[in-house]
Amino acid sequence: MPQAAEYQHRRQAFMKSMKPQGIAIFPGASEVIRSRDTHFPFRQDSDFFYLTGINEPDAVLVLLPDAEVSEILFVLPRDPHAEVWHGRRLGCEQAQSLSGVAQCHALNELDTLLPEYLDGSEHLYYAFDQFPVFEAKLREHLRQLRAAPKRSKTAPPHWHDSRPQLHQQRLIKSDQEIALMQRAADITVEAHKRAMQSVRPGMFEYQVEALLQHEFRHHGGAGAAYGSIVGGGENACILHYTSNSDELCDGDLLLIDAGCEYQGYAADITRTFPVNGTFSPVQRALYEVVLASQEAAFAQIKPGSSLPKAQEAAIKVLTEGLIKLGILQGDVKTHINDLSCRRFFIHGLGHWLGLDVHDVGNYDADGAPIKLKPGMVLTIEPGLYFAPDDDTVPEQYRGIGIRIEDDLLVTADGYHNLTAGVPKSIEGIEALMSAGMST
Amino acid sequence: MPQAAEYQHRRQAFMKSMKPQGIAIFPGASEVIRSRDTHFPFRQDSDFFYLTGINEPDAVLVLLPDAEVSEILFVLPRDPHAEVWHGRRLGCEQAQSLSGVAQCHALNELDTLLPEYLDGSEHLYYAFDQFPVFEAKLREHLRQLRAAPKRSKTAPPHWHDSRPQLHQQRLIKSDQEIALMQRAADITVEAHKRAMQSVRPGMFEYQVEALLQHEFRHHGGAGAAYGSIVGGGENACILHYTSNSDELCDGDLLLIDAGCEYQGYAADITRTFPVNGTFSPVQRALYEVVLASQEAAFAQIKPGSSLPKAQEAAIKVLTEGLIKLGILQGDVKTHINDLSCRRFFIHGLGHWLGLDVHDVGNYDADGAPIKLKPGMVLTIEPGLYFAPDDDTVPEQYRGIGIRIEDDLLVTADGYHNLTAGVPKSIEGIEALMSAGMST
Amino acid sequence: MPQAAEYQHRRQAFMKSMKPQGIAIFPGASEVIRSRDTHFPFRQDSDFFYLTGINEPDAVLVLLPDAEVSEILFVLPRDPHAEVWHGRRLGCEQAQSLSGVAQCHALNELDTLLPEYLDGSEHLYYAFDQFPVFEAKLREHLRQLRAAPKRSKTAPPHWHDSRPQLHQQRLIKSDQEIALMQRAADITVEAHKRAMQSVRPGMFEYQVEALLQHEFRHHGGAGAAYGSIVGGGENACILHYTSNSDELCDGDLLLIDAGCEYQGYAADITRTFPVNGTFSPVQRALYEVVLASQEAAFAQIKPGSSLPKAQEAAIKVLTEGLIKLGILQGDVKTHINDLSCRRFFIHGLGHWLGLDVHDVGNYDADGAPIKLKPGMVLTIEPGLYFAPDDDTVPEQYRGIGIRIEDDLLVTADGYHNLTAGVPKSIEGIEALMSAGMST
Amino acid sequence: MPQAAEYQHRRQAFMKSMKPQGIAIFPGASEVIRSRDTHFPFRQDSDFFYLTGINEPDAVLVLLPDAEVSEILFVLPRDPHAEVWHGRRLGCEQAQSLSGVAQCHALNELDTLLPEYLDGSEHLYYAFDQFPVFEAKLREHLRQLRAAPKRSKTAPPHWHDSRPQLHQQRLIKSDQEIALMQRAADITVEAHKRAMQSVRPGMFEYQVEALLQHEFRHHGGAGAAYGSIVGGGENACILHYTSNSDELCDGDLLLIDAGCEYQGYAADITRTFPVNGTFSPVQRALYEVVLASQEAAFAQIKPGSSLPKAQEAAIKVLTEGLIKLGILQGDVKTHINDLSCRRFFIHGLGHWLGLDVHDVGNYDADGAPIKLKPGMVLTIEPGLYFAPDDDTVPEQYRGIGIRIEDDLLVTADGYHNLTAGVPKSIEGIEALMSAGMST
């Protein structure tokens, strides 16, 4: 399917869910100030991007299923002077052809046209609270319509959050989305492999982060999809450690949790490996437990199964391992029932992945976990973390944090691991690192 | 001077400018959402960082020159659980010792203590409109004080914008600031040199950007101080071209405008050089004009002089060059008076540099340009841009954009070029590029 | 029906219109500052009063049709100290018995309980934009619920304007409402009669207003339901003339448009009569036209008819009269078709009447005028106004304004005029005035 | 002094207090919704009215002491169509001549002119938090000026609350103000006398309120300056009892606290008298104590004295009286020191009076009470209240509330009682009531 047709398809799916005389409004993101007159790198709103493919600030999409023209896009118009200063713009013509909308207007017409679209509509679909500046304007339009019954104007009396429906849609990835996610995964695989090959004692964590960033951007990604975590030694026990400021020490493990954003889509890989290239016996023992738990979880990933089922499988393996290593004492079954391992496996097993790293989509529906379906993409990321000052744990384990994370596409008969390319067996890691060291 | 003493010194300088019974409030920056539940990399507010050196979100500094305790800092308190999830915090003790304030409280005490500080104060110093969420709270405190005259409460009746005074202070850099700016410059010099050595026809602009990012972060910088501009060919004529999405072509020039942020301080270097390593005669001729104009401008940088004087010098050289090359026709003096060259040199000659790339500080005072003084840092960045479709210009020049930018510290007897390390003579550039190609 | 049962009935009717898992929130009015620390006399929000009968500030009604407890009221709690200062309060017990709600809480529990009610609800009914302070809180509750999916919280995704449904309900008055409206009408009749008897040349308009106010309050009304209009001479041509500052002159007409508010319900009567007690021939001629047009309109008031039909009838009579008096020239039919009389009859013929003087309820539905039904109450108020400087009109008519307005209840077989007690025939008026003058 | 000159004088006094390059902005009040599309009677902002005498909504006064035109007024422009509907407007010409300002513009020019006035000003005087809608616009103007340093625009960096200075000014009344206040007092005296003559057992409190309202408006006042308090029996013990809903009973006292607003100025009189026209011995005994305390307080009212001194005098008399009546037991001095009488005299002795009933102006300065000066107007209103359920008090006193309040102008050698015309001696009251009953 050509791009424009794909976006049309997505918008039509949304419009089918709307009630009669409905209007849906999707604002894009605006530039965000970083400091004084500089901005953060522009990031489009995921919902808007999903529906249009347009990557420019301040655009707005309006859907009017029952109108003659049912898809209207507003973008910054071409402006030679402004573009010399601030960069090229698509303009109406290109934006229309790229997104496939029926009509495209210059942004400055929005204040005139939006009240006309709203007037007489019955159902308004919008993501309340997400765009405060736009929403203030929208609310003012609605207020003015409501205040003008004598001119026969009416504001839509029914308002619906646009997110639940759209996010349910986003949960199932199309072939085109899967292709982009595979590309994001591939770049991320390259980056993790380069990091494994490059790490040596005495390097600083931020130097590893620099390598990852280089790979992400070098291959055409926008950069990191989330704050890269590069934590040596105890730092691995801080789940969102992003300062990446310390020196890497001989004998420590290094945990890297980082993913590239490519055409809006995120990858999300975690690997944990020895700074000096060789796992110590203690590290090895713990690592094997985490890896086995990931494999047990993988086995549950297939249509009809669910994330909690995979988590159950992982917890069983983790609990058995912790008992075997003497970190937990007593009966396996009791510890599984008591979720004792959650003291050390403190986060969830995984999450949806897509345009957002913690992607949209419910985890429950009608009181039960969402069942997996082909086209869903999720991460599986078991981990064990032993706080440096936790004296209930044998000393040799304290200050160790291990996590292994891959990105799985649910397929008709199981799953496809998008990120299998980075070694995670102990032998695989040690072989790659040893090859890196010898260059 | 140890760090804490330096920050104390800065705060005392500000407090000296305050009126009796004054209170100054400086909020720090907060985390900013990038998409859904992910944030942009945290960037501290420059004013807050200048006064405290604290690089954590949501902190607040209160100055009360006439109180017993005149410097009070509020920070996120230590919290083992939150820190496992979101990363380490300084906590009160470390924040106090780092910043040298007299007192440090946990942030959750602010709502109780701030009204007490405000009550009875006469003069409030604050950066209105810059921190909407904080300001809503502050305004509510003020409203409640004003509404309670029967409990003898009073809100400060005089409010002063804290920025004019503080920004005048920030305009003159201390020795410690200069050392940090030299470090930011040094890293940026390395990055530009690596880019020069690496560029080849067929590379993509974003791959050059990837190299710059790698260098910035590898040497301990936070990243790019502003959106890196990597523009090949015509793209050089777009002043803030940051999409960096095109392939570099044999025969084109490449303009790179990029700088590292180190410990909050920005460097800002621009270089323009041939993608294939050798300037063509036309490129050479234009380049020499821009370079000569930069040198003429440099000669004006010294105490007592001003940015407009440097700009005059640059304009003279640019105008003479444009006439010599046949791009302008007629009398030099007339063209200088008419500022004819401004059609091609379309931006300002330079700007203050510091914690912000376009740093704070006025350019005029009492109707006259600010006089240069030792300790000021500014950029000098002449340029010439010929639009690809400008048929008033001889064809060979169309689509060429050239800018050369360095960062100058004003010294007692002239200036020190912080960024002299990147070659900019034609010979220097060609030599470095040729060395790079042979590796 | 006892009062509490009546309110229950109204709430149940509203709840029947709600979708499953719905929540409706109706805030009451708050005190409004008049100047510094004084308030305007408290006026309850009409919708809230209609549903509860509670006449205290800051109360909130919550309806949860699908919950065990489906009607919950929040009121200011009893507080001996506060009541000594600010007046007695109902407190929970009395408020519950008066309104018949299932549960009543102290207002300070609202912030805790409201999020619990909202969490998990699917449909929110509320009057957006009407209560900015309350709405800010409500929006914050919704935001926090939406931000806590990990704690399984959800905000209602569907929001509905509560007004269309409730206002349709308010359009048909119950027997209890009609009794209150008759009482408001009776008091207003007394007031207009006293004014007619008291007016003499040389009185000031505000002195007539003072008489009306005295009557309204003396008989237990809250005061004027809207700004009383007491306009002598030309002032009658200003539709909402409320300054009432001029002296009444011998030979002029006086137009009084004023109504009492009783237990929240408005009356709305207009009479026009000669300041000196005797209509001049010119005044008499015009007055007879307006009165005849009102009678023609009355004849159309019955179930199945509509306000536009009554207006048509009035316009026919007015047009014929204007032609007969030489103010319009030419063919009657043409002038009726052209609505020529609208130059002098510049406002609508009437409006719904109830808790608001311009009461709620649509005038059109599905593109056609609302059909009259028993239980509706409306005013019929034709008028003619000749601007003092309108030289297209024969001189003797200039500066004259006449309006006659009564309040009609639609009954099974026609209408009942609630305000028939104030004379409006020329003889009736002159007789009453003459009786008044002789005392 | 003609009116315009008086307002000029007031504005000049304020401008003298402003710092160089200052701008002062005084918005007037706007119409306030009472219910749906009806408004409360318009009340001008007191500060705006004090400076202009203009009594229309939405006007704005700008003072620019250092500009060529230093006083600029913005008002709603003449508009024949709008005036037919909403009432007459002054328009620019009349508003200018009435207020004496140098220049008057139509309101719709404000958005253009205000930024020009603000640009380059150094000091902004404004009443923050008092006019939220206007302030949002003002803040937006300031934000835009601050954001445009490249177009050499600047927002005033120093903001000053305009109220402290203006309210100090308003504390001393001019001859013209005193004349208006005497008129407000005279009308109020008439109203209280009529009430005294009319009250009988079986009347309802609201019927007495109706009489007061009639008098206030009949004599050209705007109405009640604050919610009239008409409290029979125990209701007198509720300080702001304004529901006025009960029947007056034989044997009870009636407390009336009510004042007329005339040309913006308030009177404030309280009298307490027997419903049946004759004080009982118990009532008489208590009343004499309160009256004596008022007289003792009056004796302290003179230049150089203060409100606390008057309060001390009143407390001494009240305490002695309470001991004499057996309500307090023990030593007078101790009870005076302990302020024992404050259990029954629970409010302040008095307050400033002027455009607001609780008029502006500080009560303390530099830690000491404000000294009385000629031209100040204040109320003196001692009272005693015995709760119906206070069983620490002899039974015969329970449920009695007495307050006596007059309005005093401080003169060169003492005071002038503006409200002496209403009887307050027991004999005077009984005589007037007896005369009233016999008509």
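All chains are identified by letter, namely A, B, C and D, in their written order; residue positions are counted from 1 within each chain.
The rule we apply is simple: a residue touches a chain if its C-beta (ideal position, glycine included) is under 8 Å from a C-beta of that chain, and two chains touch if they have at least 3 such contacts.
In this text, all values refer to a predicted model and were calculated from it rather than measured experimentally.
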Shared interface partners, meaning chains that touch chain A and chain C: none
Centre-to-centre distance between chain D and chain C (centres being mean Cα positions), rounded to whole Å: 32
Gap in Å, rounded to a whole number, between the CA centres of chain D and chain A: 62
Topology of the chain contact graph, where touching chains are joined (line, ring, star, complete, other): ring
Chain pairs in mutual contact under the definition given at the outset: A-B, A-C, B-D, C-D
Chain D residues touching chain B - in the complex, by the definition given at the top: 128-129, 139, 142-143, 146, 149, 152, 155, 157-161, 163-164, 362-364
Touching residues on chain D, where the partner in the complex is chain C: 32, 34-41, 43, 45-46, 83-88, 204, 206-207, 209-211, 213-218, 220, 223, 225-227, 237-243, 346, 355-358, 360, 385, 387
